[in-house]
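Across the two complexes that follow, chain A remains constant while its partner is chain B and subsequently chain C.
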Partner chain A sequence: MKKDDFGSARRMRRRSVTPAILFALAALSLSPRAHAADSTGFDVRRGQMLDVVSRESDPAFFTIAAKLKTGRDVPLALRMLDSMTVDNAMGGMFYAYTLMGTYLHCRSSLPDSLHRKIRQAFKVRTMYRGDTENHFVMYYTGMYLAAQTWPHEEGTQWFNGRSSDENFHDAEQWLRRWAMTTATTGQGEFDSPTYMAVFISPMLVLYEFAADPVMKRRAQMMLDLLFADVAVDHLKGNYCGGHSRDYPEDIINPLGAPMTRVTWLYFGEPSEARWNDARFHPRYRGSWEMVFGALGSYRLPEVIERIALDRQAPYVHLETKRVRNIIRFGDTTNPPVYKYLYMAPGYALGSLQGGILQPIQQHTWDVTFVSERPNNTIFTLHPFSSGRELAMFFPEEIKFLAGEVDRYHKVYTSPEKWNSSSPYEQTFQRKNALIVLYNVDSAAVQGHVDGFFPKTLDERVTDPSGWIACRSGSTYVGFFPAKEYEWIDEEIDWRWRSHELKNGVVVEVGSEAEDGTFSGFRGALGRSIPRFGLSKGKPQIQYTTRRGDRLLFTFDGDRLLNGRKVDVASYGLFRGPFLNSRLRSGIITMTAGGITRVLDFNRLTITERGSDR
Partner chain B sequence: MSRYRILITAGVLALLAGIAPAQTETINMSVLNSRRHRIGVTDNPVVGFFTSADQGATWKHHGWKEYIRTFYTETDPDGVIWSACGNGVLRSTDRGATWRVTTGWDVTEVLKVKVNPAHPGEVAASTAYGVIITTDGGERWRTTSTGIKRFFSSDLTWMPGARGGLLAATEDGLYRSLDRGASWKASGLRGRGIRVVLADRRNPKKYWAGTEDDGVYVSTDGGVSWHARSAGLTHRTVYALALDPSDTAIVYAGTFGGGVYKTIDAGVTWRQCMRGLTNPDVHALVVLSSNPSTVFAGTLNGGLFKSTDAGQSWEFNSQEDAQVWGLSVGGTK
Partner chain C sequence: MNRSLAVLLQAGVFLALVVTGADAQLPPSSGAGRLFVSVFLVRGSVAGSAAGGYGLFTQTLGDTVWTRATKSNVLAFGLGYFDNGLTRRYYLAAGNGVHRSTDGGKNWRILTSWRTEEILGVVPDPVDSAVIYAATPLGVFKTTDDGDTWERKMNGVSTWFIQRIVMDRRDRRTLYAATEKDLYRTTDAGETWSPMGSGCAPMLAVLQHPAMDSVIIVGGEDSGLRRTTDGGKTWSAVRGLEKATVYTFRASRDGSDLYTAGWKTGLWRSTDAGASWQQVWAPEGIDAVYSLFVYPEDARHILVGTVGHGIYESTDRGATWHYAGLNGGQVKQIELYP
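Take a look at the complex of A and B:
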C-alpha cells in the first residue's frame, strides 16, 4: 500500500470525531426519512438462507453462526468452533473477519473456554493480511473488531506483536482510507461477481459491531455505496457488464456467480426457484458470506432496491473505477477504468474501455440477457498472458509468475480461457451497439481472438450480409466479424475464433419490444454493414448503428460519435439516471422512485428525501 | 603455565577456530511458498523462516507457520532478526520466538531488509512501493524514495565506504543515496531492471549488480560507473549474487534457467556450475564465512541445495518443491 498524505495518527483520530459529524449522526438518527426496502421479503429470504446454511455439515464460521443462531445442532457447532480455534494450519484474512463476525454474533451462547480460545487465536495464529483489496478489507475489519473487543492489551498478546491500540489504529486508518478512496476514485477490484461479496460481508460485520458511531456510519455508507454499485448493474440476478476479478465459470454462466446469493437476499432476484436450481447454484458452497447479512441489522434502503429492480425503461450508466495498484512498468499507480453499461428490460450490454485494467481475471465486455436457461451471455476476448503483465501487479519474479499464477488459477496461460485482460483489445460503446477492435502483436503468445456463443440460444444464423444473428427469447444479438473466422463446437458453446491479428467485431443488441420480429431485426442489421480498415496500420471500424448513430473508432485513436470525440474521462465516478457522483467529490447521489439519497463521505452524512411508499 | 605454553595453546586454539566451523554461524532461510501449497486445505507444507546452526544438517522453523510471504530475513550483530514480508517488516528480539510487525498499514510487499552493519539501529528495506528506512531500530519508518523515478525496488545495500550511503536496485536502474535515503540520484544502468545489488565489504567502492535480462555489472568507483561482466554467462537473468568471503575475486551468480554460475577472476569469465542442481531457477545464494567451500543455493519451487566443494557439485538439502526466496548468514552472537 502506498503512503498518502495523511497526517499523524493523533490528528486523524481527532479529525474523525468532530462535533459536526457527531451532530450529523445524531440528526440522522432522528430523521424519519430513512426508507428501508421491503422488509417482509428480506425477512423471508434471510430465514430461508439461515435454514439452508444451518443444515450444512462442513466446518465453517458461517455454518457455525447459522447453527448457533437458529439453535440447530448447537453441540456440533460448538465442536466445530472449538476445532477451528485449535487448528494451527488455519489463519489469514478470511479467518480474521469471519471468526470475529461469528464470535460477536454468537458470543452470548459460547462457553468460557471458547471465549478464551478465540481470544488466543489472535495471539498464536498467522493473520496474513494478503495482497489484494478484498484481503485488506477482511483483515482490517477483523483486526478492528478484535482490537475493539480486547482493548488495552500489550503487543505480547497479539500475533503481530502490536498492541490493541496499535492494531485498532492501523485498522481504523486503513478502513477510513479505503472508504474514501472507493467513494472518490472507485474500487480497484471493481464489480467482481465473486469478490464483491467479500467486500460487502466484512462491512456488514463492521456495521453491526463497530462501537464507534463514526466507524459504524462509515460502514453503513460503504454498504449503501457497494449495494448501489451492484444494483445499477443488476438484471434479474445477473451482475452485468465489464468486471474485474471474474472467474471463467461465472463469465460463461453469470447466474452461477457467488454474487447471486447477494442479489437474491437483498434484491429478491433471481427467483427462489432458480436459487434452488442446481444449474444456477453458486459454486462456492462453503462460502455463505451473506449469513452475516441474514443475521445483521443492516437493511437495504428502498432507493437501492428500486435501482436494482426498476427495469421499465432502458438507460445508459457510466462509471469510473481504478486499476489495481500497478507496482511496476507504469507511471500511474491506479489509472482509471471507464465502464459503459446499457441496460434494457431484457438484456444489458456493458464494456470496459479495454487494455490491461486488471490482471488475470478481467472481463472486458459482454451482452447478458434474461433467460430461463444457463450460459445467458455472449462476449469475445483475446486470451493474453505474460509475466510482464503479472509483474505489473505482483512483486515476484517476472519469468516465474505466469507458471505460479497457473498453479492457482489453472487457466492463465491457456489459449482457450474465458477471462483475460489484453493490451490488444479496445472497445467503443454507444447504447446497445459496441465496436471491439483487436490489434494483436504478431509476437503475442496467443494469435487469435475467441467468442462465446452459448448453445442455449434459441437461434444462431449467419446472414448473407455477414451478420451473425442470435436470439434468446425476446432478446436479439447481432454480431458482425470484420475478418474470417471459424466455429468450434464445444460442450456448452460454439466458440467463435478468428486468427486475424488486425481484427474487430461489431455488436448490436435489440429486442422484440424495440425491433419487432427477429427477422425485422436481421433486416435492419443487413442494411448497416460495418466498414473495417487500417489507419496507419491500426484497425479501424466505421459503423452506423441501426438507430442512425455514426461511430468511428481506431485502435489507440479517438472514439468518434456522429463526428464528435467521446471523452471517456468525463464519465465521473457514476453518471446515469439512478446513480451520480463527480469524480473525487466524495458525494454519491442515488435517485429512484421519487427518493433521493445522498452519501457525503467528506462529512460522513446520509440525507434522504422522498415520499414513504 | 609458562608463557611459551600459553602462546602455543593460544595458537592452537586460534588455528582450530580458523579451521572448524564457527559454532555460532547461522544460516537464515526464507521460504516464500511451496509448489505443494494449495488453497483451502490444512495440510500445506510449513513455510516461512528457518535457521540452521550446523551448516544445513538440520533446520529449525521460527515463528508463523502459515502463509506469511517471507521474502528475506537477516540478523543484525546483536542477534535481532529482521524479516521482509508481505505483512511488512517483522522484527524478533528473541531468536524468532515472537515477532512484531514494525511497520503500519501503509507498508506492504517488503522484498528485502538490510541492516547497516556499522549502525544496527539503521535498517532499510526494499518494497514494491519504494525504499523505507528506520534509524531507531524499527520504531518509526519513513518512505525514502525522493528522486527515484520508478519505485519498485527488489534489493538494496548499505555502502560500506559512505556513512548513511545506500544503493538501491529498482526496475529502472540503480539509485544512490548518501544521506540515509533522504534523497536519491540515479547511479547507472537506467532502463535495466536490477534484481540484486551487492557490496564488496573488503573493497568499499566495489559493487556488483545482477539484472533482469542483462547479466552482471560491476562498479569499482562507488556506484558511479558500471561495467558489464557477463562473459560466459549465457543465462542473463540474475537473481542472486554471493561473494566468497575469503577471496572476493570468487563470486557466485544465481540465474533463472541456468542455475549457478561462478567466476574466479572477478567477473572476467563465468562458468556454469549445475552438477546435481536439479532446479535451474536459483533465487538465493549464500557462502559460509567459516567454510567458504560450502555454498547454499535456494531455488524457485525446487528447494534448497548445498555444495561443499565451492559449487563444483550440488546436493539437495531440504524444502522439497519450495521457493527458497532468501538466504543470509547471521547470528554471530
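Take a look at the complex of A and C:
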C-alpha cells in the first residue's frame, strides 16, 4: 500500500457518523434479532460504511444507494443514476444485480423518469451472463428480481427476447440448482478473497427482495452457508488457506482483499484501523458490495459469528470443493478439490492438494499470521502458464488464449507472478506441518519455483541445518528447501527461488504459546531434518514433524501418515469442530458456543438450538 | 431465397446452408444481400462500425460501413441461417445462448435457457424449422420444438467439448461433430454418434467438399490436415501444412478452390480437392486467421477474418489484399445472407 493511502485512511478514521446518517439508519427496516449475532457492533459498522460510501463521488450503484438511503447528496445521486441508465454500452451481470438492488432499495425516492429508464435498461442493453460462477449468480439474481418486478411482459420488452415469465423461470431454476450444488458438492469458485463478496452481495439482495418465501429462505440459507464457509477460514480479517481465485496484490497482502470489507462489517474484524487501510486500496475503490448488507435486513446468526471469532484452541478443518467446469482435456467435468486448514490463535496454515484445480488465479497454500504489518503471509508456487490449461476451462483457441488472458489479468504468463495453478505442484498437510513437492517438466515454460517471504518479518535466519526460520511477532515459520536456492531482493519481499525441477519444501508453523522461544522452535526444527529423494523418478519427502508425526509423500503417490494412507476423499463437504456436512447430503451443521444450527437444503429448513439470546 | 434453391429443397436435395463456426460451405446464391459477421471480442475500437463493442455486424453488399445488428456485449461465436423459400431465420451462436431473428436481424430472441452455457455453433435443419443443433463445450444440444426445449445428444461420444457441427450436404440426418478426440458422425440426426478414426485431434475445423460428397477434410491443433475420399473409411495426410494449427476451411461454390487458414499459417489454397495445399498469402503481423468467405458468384472475391485485425479482402483470388474493416475484432464467421 502507498503511503498516501495510509494518510487518507488516518484522516478518514477521525470522521464520525453524523446524526443524519444515524437517523436514516434507524428508519431502515430490520429483521427480527432472534439467533442473530450481537447487532450492536454491526449497526455501528453499517452506519460507518454507509457514511463512507455516501461520501464517494465515483458513479456507482453502491454509491447511489448509500446516498439515497442516507439522504446525502440526493440530487447528485439521481444524476448519477440517470447517467448510468442512459449509457447503453454498460450492461452485464454486475450491472444487472446492482441496478436491481439499488432500485429496489431506493425506488420510493425516485422520480417517474428514472423508474422508466431503469425498466428500459433491461430492454435496450444486453445483461451479459458472463462465464464464471459468480457471474451467473449475479446475472440470475438480477434477472430474477427484474422479472419479478416487471411481470407478465412479452419478450419484446426484454433485451433477450424472452418474456418476464421465461426470464423468471430461467433465473429461478438456475438459482435453485446453484444453491443445491453448492450445498452438496461445494462451490467451484470457492473461498476467493475477491469473489466471495460477489456471491454474498447478490444473495443479500435476493434475500431482501425475493417475493417468493421459498426463494427468500433459499437466499437466507445460502447466506448462512457462505458466511459460515468464510468464518471457518477467518482469522482477524484474513481469509486463510488455499483459494480458487485471488489477485496477486491480495495474495501477498491478505488484508487488502475485498473480503476484508465483508469480514469487518459482519465479524467486526479486522480492526477498524485495518479496515480503513484496506478500503483505500486503490484497486477496490467503488467496489462497495457490502452496501447491500449495510442496507439490508439479513443478520448474521450468532453461531457463525462465534465460528469466525472463537480462536481459543487450534483446530483442523477439512473441506471438499469442486473444480470449475472442465470442458476439455479432462476425465470429469468437476473433479473434487480437497482443502486442509490448520487454524491456531495467531496463524493459519492451509492448502489445496495441488495440481490444476482452477485456471489463472489459484492460490494453493499459504501460512497467514496475525500481524499489525502488511504482507503477513508466506507461500511458494510454480508459475505455470499454458494455453492448454486455459483451454481446459475456456472455449477459445489454445494458441491465443494465454495472450487474451494476459490482457485482463496482466500477469498470467509472467515468471514472477504470485498466483498459479500448476500440474507440477502437490501438497500434503498434517496440522501445522506441510510438504510441498515440485516435479516440473523440463519442457515447462517456467523452470523455477518461487516463494514469498515478506520484509515485514521480524526475523529471517538460515540455520546450519538448512531450515530457514522466520518470526513475525509470536508466530514462527520453519521452511526447509530440499534443493539449492537463491534469494532475490525485491521491494516488499525476499523472493525465494529454486531452479531445481525435482524439488520440494517442508513448512512447520508454530508460536510462542506452542513452542516457547524462537530459539527453542529453531532447535526443535534442527532435530528433524526432512529427507528428500526420488521414487521412480518422482520427488519424495520423508519427514517427522516436531510433534512426532511421520509423513511420507511421493509426487503422484500416496500421502502416508504414520505409515497409513491418508484418504482425502473422506474429507466430506465440511469436517471440523465448527462446520460439518457429509458430501451430497445437503445438510450443513454449524456448532459453536453451545449453539447448533442446521441447514437442510433438501427441505429448505433452518433449525437452531442452544441460542442464549 | 432464389427459385432454384427452393426447388432443390422441395425435391429433397439438401444443401448445407448452415454449419457451425467458420466452416460454412455454400451460402445462399444471391447477387444481393448482406454480409453477416460474428465478432467475438474486440481489441480497442471497431473501426467502421456504427457502434463499438462486439456482437453481430452486417454490411450491405457494395457498402463499406459495418453496422452492429445485436445489442452490445454479445460474445458472438457463429452464425446460422434457415430459408425454406417462405420463412427466413437468422441464428447467432453466442456466449449467452442461441439467438434467433425472424426479421432480418432487427430483433433477437435467445432460444436456450440456463441449461446451456456458451454456444460455439448453431446448425438449423434446412427443412424443419423446429429442429436446431447447437455445438457447446458440454456437448451437442438439439431442439425439435423451435428452441422451447433442448436435449443433450452425446450417445457414443467419449468426450464433451464440441468445437463444430457440420451437416452433410446430401443427408440432413447425417452430421459431423469436431471434438478434441476425433471427428464423430451421426446418421440418425444426433441420436447416436460414432468416431470416424480421422487421426486428427484436437479437431478444430471440418470441410465436406461441395462437389465430392465423400471428400472430407479435417484440421486441428498442431495436427495439420487429414483427408478422406471415401466418406471416412480411410484417412490420410495431405501435402502441405504439416503439423499446422488450422481453424477454418472454405470452398468456392464449385469446389475448384478450397481454402484453409489458422495459427501463423496465412492463407492456403488447394485446387485438387484438398490433396495438396499451397500458401496464397502470408500477412505480416497477423498471427491468426479464424474465418474465410468466398463469394458464391465470384470465386476470385475472398474475405479473411482475422483475430484482432478485422477483415481483409481480395478481389483477385488472393493476389492482392486490402483491409475491409472491423479492426480489433476476433472475426469468428463470415456469411452472406439475404
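Convention: the second predicted complex is superposed on the first by the 571 of 613 C-alpha atoms of A that agree within 3 Å, B and C clash if a C-alpha of one lies under 4 Å from a C-alpha of the other, contacts with A are read in each partner's own complex, and residues count from 1 in each chain.
Keep in mind that, in the parts below, a contact is a pair of C-beta atoms (placed from the backbone, for glycine too) under 8 Å apart; a residue touches a chain by one contact, two chains touch by 3 or more.
Since this is a predicted model, take the numbers as computed values, not measurements.
Steric overlap between chain B and chain C is present once the structures are superposed on chain A. Of the two partner chains, both chain B and chain C are touched by A:Tyr140.
By the document's definition of touching, both partners, chain B and chain C, reach A:Asn160.
In the superposition on chain A, A:Gly594 makes contact with neither chain B nor chain C. In the superposed model, A:Pro151 lies in contact with neither chain B nor chain C. In the overlay built on the shared chain, the residue A:Ala171 is in contact with chain B and with chain C.
Once the two complexes are laid over each other on the shared chain, residue contacts for A:Glu397 go to chain B and to chain C alike. Common to the chain B and chain C contact sets on chain A are residues 88-89, 91-92, 125-126, 128-129, 131, 140, 155-156, 159-162, 170-171, 173-174, 177, 327-329, 395-400, 407. Residues 88-89, 91-92, 124-126, 128-129, 131, 140, 155-156, 159-162, 170-171, 173-174, 177, 325, 327-329, 333, 395-400, 404, 407 of chain A touch chain C in their complex. The touching residues of chain C, counted against chain A in their complex, run 40-41, 43, 51-53, 70-75, 77, 95-97, 99-100, 107-110, 113-114, 117-118, 120, 137-138, 159-161, 180, 202, 204, 221, 245, 247, 263, 287-288, 290, 307. Put simply, chain A touches chain B in their complex at residues 1-4, 87-92, 125-126, 128-131, 140, 155-156, 159-162, 170-171, 173-174, 177, 327-329, 395-400, 407-408. Contact residues of chain B toward chain A in the complex are 32, 35, 39, 42-44, 64-69, 86-87, 91, 98-101, 104-109, 111, 128-129, 143, 150-152, 154, 171, 193, 195, 212, 237, 239, 256-257, 281, 283, 300.
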